[in-house]
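Here chain A shows up in two complexes: once beside chain B, once beside chain C.
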Partner chain A sequence: MTATVTISKEWIPRIAAFCCNWCSYAGADLAGTSRIQYPSAVRIIRVNCTGRIDPEFVLNALDKGADGVLVSGCHPGDCHYTSGNLKMRARWTLIQMAIEQAGINPDRIRLQWASASEGQKFADGVRELTEKVKNLGPFRRGWQ
Partner chain B sequence: MATEEVPRIGVFVCHCGHNIAGTVDVERVAETAAHYPNVEFATHFMFMCSDSGQQLIRDKIEEFSLNKVVVASCSPRMHEPTFRRVVEEADVNRYCFEQVNLREHVSWCHMREPEAATEKAIDLVRMSVARAALLEPLEVKTVSVEPHTLVVGGGVAGLRAAIDIESRGFKVTLVEREPKLGGNLAKLSTLYQDNEKASDVIERMVLAARISKNLTIMTDSEVVDVEGYIGNFDVTIKSKATDKTEKLRVGAIIVATGFQSWVPEGIPPYGMSPDVITLAQFEEMKRDDKVLCPSSGKPPKKVMFIGCVGSRQPGVQGHEHCSRYCCTAMVKAAADMTEIADEVLILYDDIRTFGKGHEEVHRSAHEKFVIFSKFDRTKPAKTTVADDALSVKWRDILAGDDLEFHPDLLVLATAMIPPDGVEEVSQLFSLTRSADGFFNEEHIKLAPLTTHTAGVMIAGAAQSAKDSTDSTTQASGAAAKATSLMARGEVEIESTVAHVLEELCSSCHTCVTACPYGAISMDTSKKPEIAVVTEAECHGCGTCAAGCPSSAIIMRHSTDEQITAMVEAFLMPPPVMGGGDS
Partner chain C sequence: MKEKSTQDRIEAAIDAFGSERLRWLIGKGDVLSQRNELTEEKLKELVDKTVREEIDRSTIARRLIESPSTISEISKATKLETDYILENLLAMMKWNRVEIVDEKKREYVYALKEV
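Right after this comes the complex of A and B.
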């Protein structure tokens, strides 16, 4: 008897994630130390604060071929730098407007708050964004 | 401010034993990295943080004249300081070091997908190599340390830490949210190993604290706000009674907020009868010389203890950890009860009397004819109540017999859990918590008293379930950490601050309003006026750089180019070099 094995390689989206050092990067560390398993699609870029994130970083990532972008920071009121995350939240509205006007589905980007003690919340956020982006399929623009 | 030097990058991929290499193909990661632009050398090694791993980095820096180093290992929140020191020892500036997180962010969270994990690792290393090429050396700066420590929590750990710090000649303020000092220990009767009264132990410590002239005690008070950084924290303490607040500047903080004893509300047998109580409730009765059955008000004749209630029960009643005090506390309480009760029985899963002098307490309980019976953890004892009388049935797995006991007092040795308000404390001091809910140390073996917030230490049961012996030991250690900061008087801080490029500044004031610290002002001596950063006040968040419409602000060590390089290296991998003329 011979068995037929079909291995189909699943499409893994490419998601750029900007995480603040103090809450969400540490939250992602906690997800790891707690061995919480989540989709491998994200590549985390560490910034000191979500307030450091220029809207251009998000738009540029999409332009360069990211299928999705995640921004994850401290809860409002809980910023290591007191208010950087609030600045990010204000900019997020601009980012959403910009990508909608460019005809990009807003489900490709996600802003979330996950503290250093919320490993599960961080992982859940990654999972949710990955699933949404998977449903939308690859995003082809720019250099591609 | 581009450096004139051509980047010469070394890439060091760590196995972390089996932690990374068990999932990620580290050899392939290193081989791939060797072909990236500017990479002069790439290798993989069992433990990069070990002495031999550190030596390897120093040797290769010299051999290949490396000026940038990328280590792909654990989280930078763990070993960035280690590797920064290593590269500095080989004359590479600490800010020319870049760490890739292959453990917490890859191998540990994609354990069942080795191929996808390896691809992610390859991407992350490529991204960091691209960033490393753009890293610039920065000057190392120091700040002074305010010679004053804040201790949060006036239990046995907080008292010990505060007294220790004061005895070394430094100022200390002890804040306790309850009206009285003593914490959980003050609720106990007598302590193992020496049968000392808990109140005597606490009173001695409180007295020592009260006569210490540089020690300020603030009871019935809570810390409500913490700002600043290591060496210079500005804390606000509020008196619960008067609602008055006081501001203090301290150089270090010790969090000793302790634990609370778990009350298994709604989980039988607790709640089935007033005669079912926790060991903590029993201790309070015993402290007040009133060990009486709550239902009848009479002294109990048949007493039963059950161990490991809510401890060592992952996913069942909630807590995976061993609470580390209850076995010895329970056998001591049982031995003491033989003085007034006719029969005392301990129902246990395991008895772990591991500490100094604990086994003697265990033996003494046997000598006083306490009955020990081991139950089957998969078939817990069944408790029923008929005519107000308790009946407990279980199978003794050593004898293989079904047994029954009718206690008139049933004492549950319940778990130690984090206290109410732990969430607020964790947010206040930016502390992370482990799965059991207690505060995380910086490193469980290498740095068990410090936390990820520089200048904030933890001690006692705030870190994990433990008894008062271990708590005071930790407290003395945390006090030593705080005093070593005070004694040095200064501490190195990050040089990652904002810098304005004068020729690009359009005088728009956006950065002035964006800065949360008021660290940016306008230099009106220039025409037109130019934004200027007061570096000592800059905390390095980068909000100004992101807000500047003219891209006139460089965020050192986190420049637009460095961030963009990572994004582009991820999404637009450079052509593989080293094969032919490409």
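Right after this comes the complex of A and C.
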């Protein structure tokens, strides 16, 4: 008996996803336990709060080989630390500006709010970003 | 494969976000806007200008790490305007980040100041 393994040669963008511990990480977990399909090339990095995410993290992820970066946190008003996600939202414009200044298409990054009960929303966000990045093409030297 | 210039710009942007000036704006921008000391448009304009300048200053600094250079040499390597480089070098001198170390062909040679 012989087993055949087919390896897809299609390029799949690598996405670094920064998820807050209290909402989106649980949402991603729910997506998994609910068997909701989303691209497998996403690498989830758990942070305590999106307010913890320094703009450097996003730029560093792209520099170190990610094709796109997703930041996912609690809905405004639902932050476990009261206002961490609002700080992230204020920073986001700045990150987009820096990305553009560095000559990178801002479509490679995405900020979204997904609560612990929104596994589908998290999966949809990952899928949308992956599709956008797929259209833009690769942007990396490989993970380092 | 990512172009080297893009990679340099990303690295310069990463450095720029370490700058005190940008960090101050990130932290205080919203507060100033809420106190009506800055309008939203003015803040956006200011942030845009600061991000651009800080990235360019990091690009200049990265060039100076390689070797002390004149403005023409920096301009050739970074493709920035000479006037703009001078303006930023003067600001960097004010912040004690750059110093004049020599003179070459009637041009000053700038280097990063050792802290």
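Rule of thumb we're sticking to: the second predicted complex is superposed on the first by the 131 of 144 C-alpha atoms of A that agree within 3 Å, B and C clash if a C-alpha of one lies under 4 Å from a C-alpha of the other, contacts with A are read in each partner's own complex, and residues count from 1 in each chain.
Going forward, a contact is a pair of C-beta atoms (placed from the backbone, for glycine too) under 8 Å apart; a residue touches a chain by one contact, two chains touch by 3 or more.
The model shown is predicted, which means the values in this text are computed figures rather than measured ones.
Visitor: Is A:Gln101 touching the first partner chain B, the second partner chain C, both, or neither of them?
Guide: A:Gln101 sits against chain C, while chain B stays out of touch.
Visitor: Of the two partner chains, chain B (first) and chain C (second), which one does A:Thr93 touch, if any: first, second, both, or neither?
Guide: So A:Thr93 only meets chain C here.
Visitor: Look at A:Ala61 in the shared chain and tell me whether it touches chain B only, chain C only, both, or neither; answer first, second, both or neither.
Guide: first
Visitor: Figure out whether A:Tyr25 sits in contact with chain B (first) or chain C (second), or with both, or with neither.
Guide: first
Visitor: Given the touch rule stated above, what does A:Ile53 touch, chain B (first), chain C (second), both, or neither?
Guide: first
Visitor: Looking at chain A, which partner touches more of its residues: chain C or chain B?
Guide: Partner with more touched residues of chain A: B.
Visitor: Is A:Lys132 touching anything from chain B or chain C once the two structures are fitted on A? First, second, both or neither.
Guide: A:Lys132: touches no partner chain.
Visitor: Do chain B and chain C land on any of the same chain A residues, and which?
Guide: On chain A, the residues that contact chain B in one structure and chain C in the other are 54-55, 60, 91.
Visitor: Per the contact definition, I'd like the list of chain A residues that touch chain B in the complex.
Guide: By the definition above, chain A touches chain B via 12, 14, 16, 21-22, 25-26, 28-38, 40, 43-49, 51-55, 57, 60-61, 64-66, 78, 80-84, 87, 91, 115-117, 123, 143.
Visitor: Provide the residue numbers of chain B that touch chain A in the complex, in ascending order.
Guide: Residues in contact with chain A: 75-77, 101, 103-106, 108-113, 116-117, 119-120, 123-124, 127, 227, 423, 426-427, 430-435, 440, 452, 496, 514, 516-517, 539-543, 545-547, 555, 558, 560, 563-564, 566-568, 570-572.
Visitor: Using the touch definition from the top, list the residues of chain C that touch chain A in their complex.
Guide: 1-2, 5-7, 9-14, 16-18, 22, 25-26, 29-30, 44, 47-48, 51-52, 55
Visitor: Under the stated contact criterion, what part of chain A meets chain C in this complex?
Guide: Listed in rising order, the residues are 54-56, 59-60, 62-63, 90-91, 93-94, 97-99, 101-104, 139-141.
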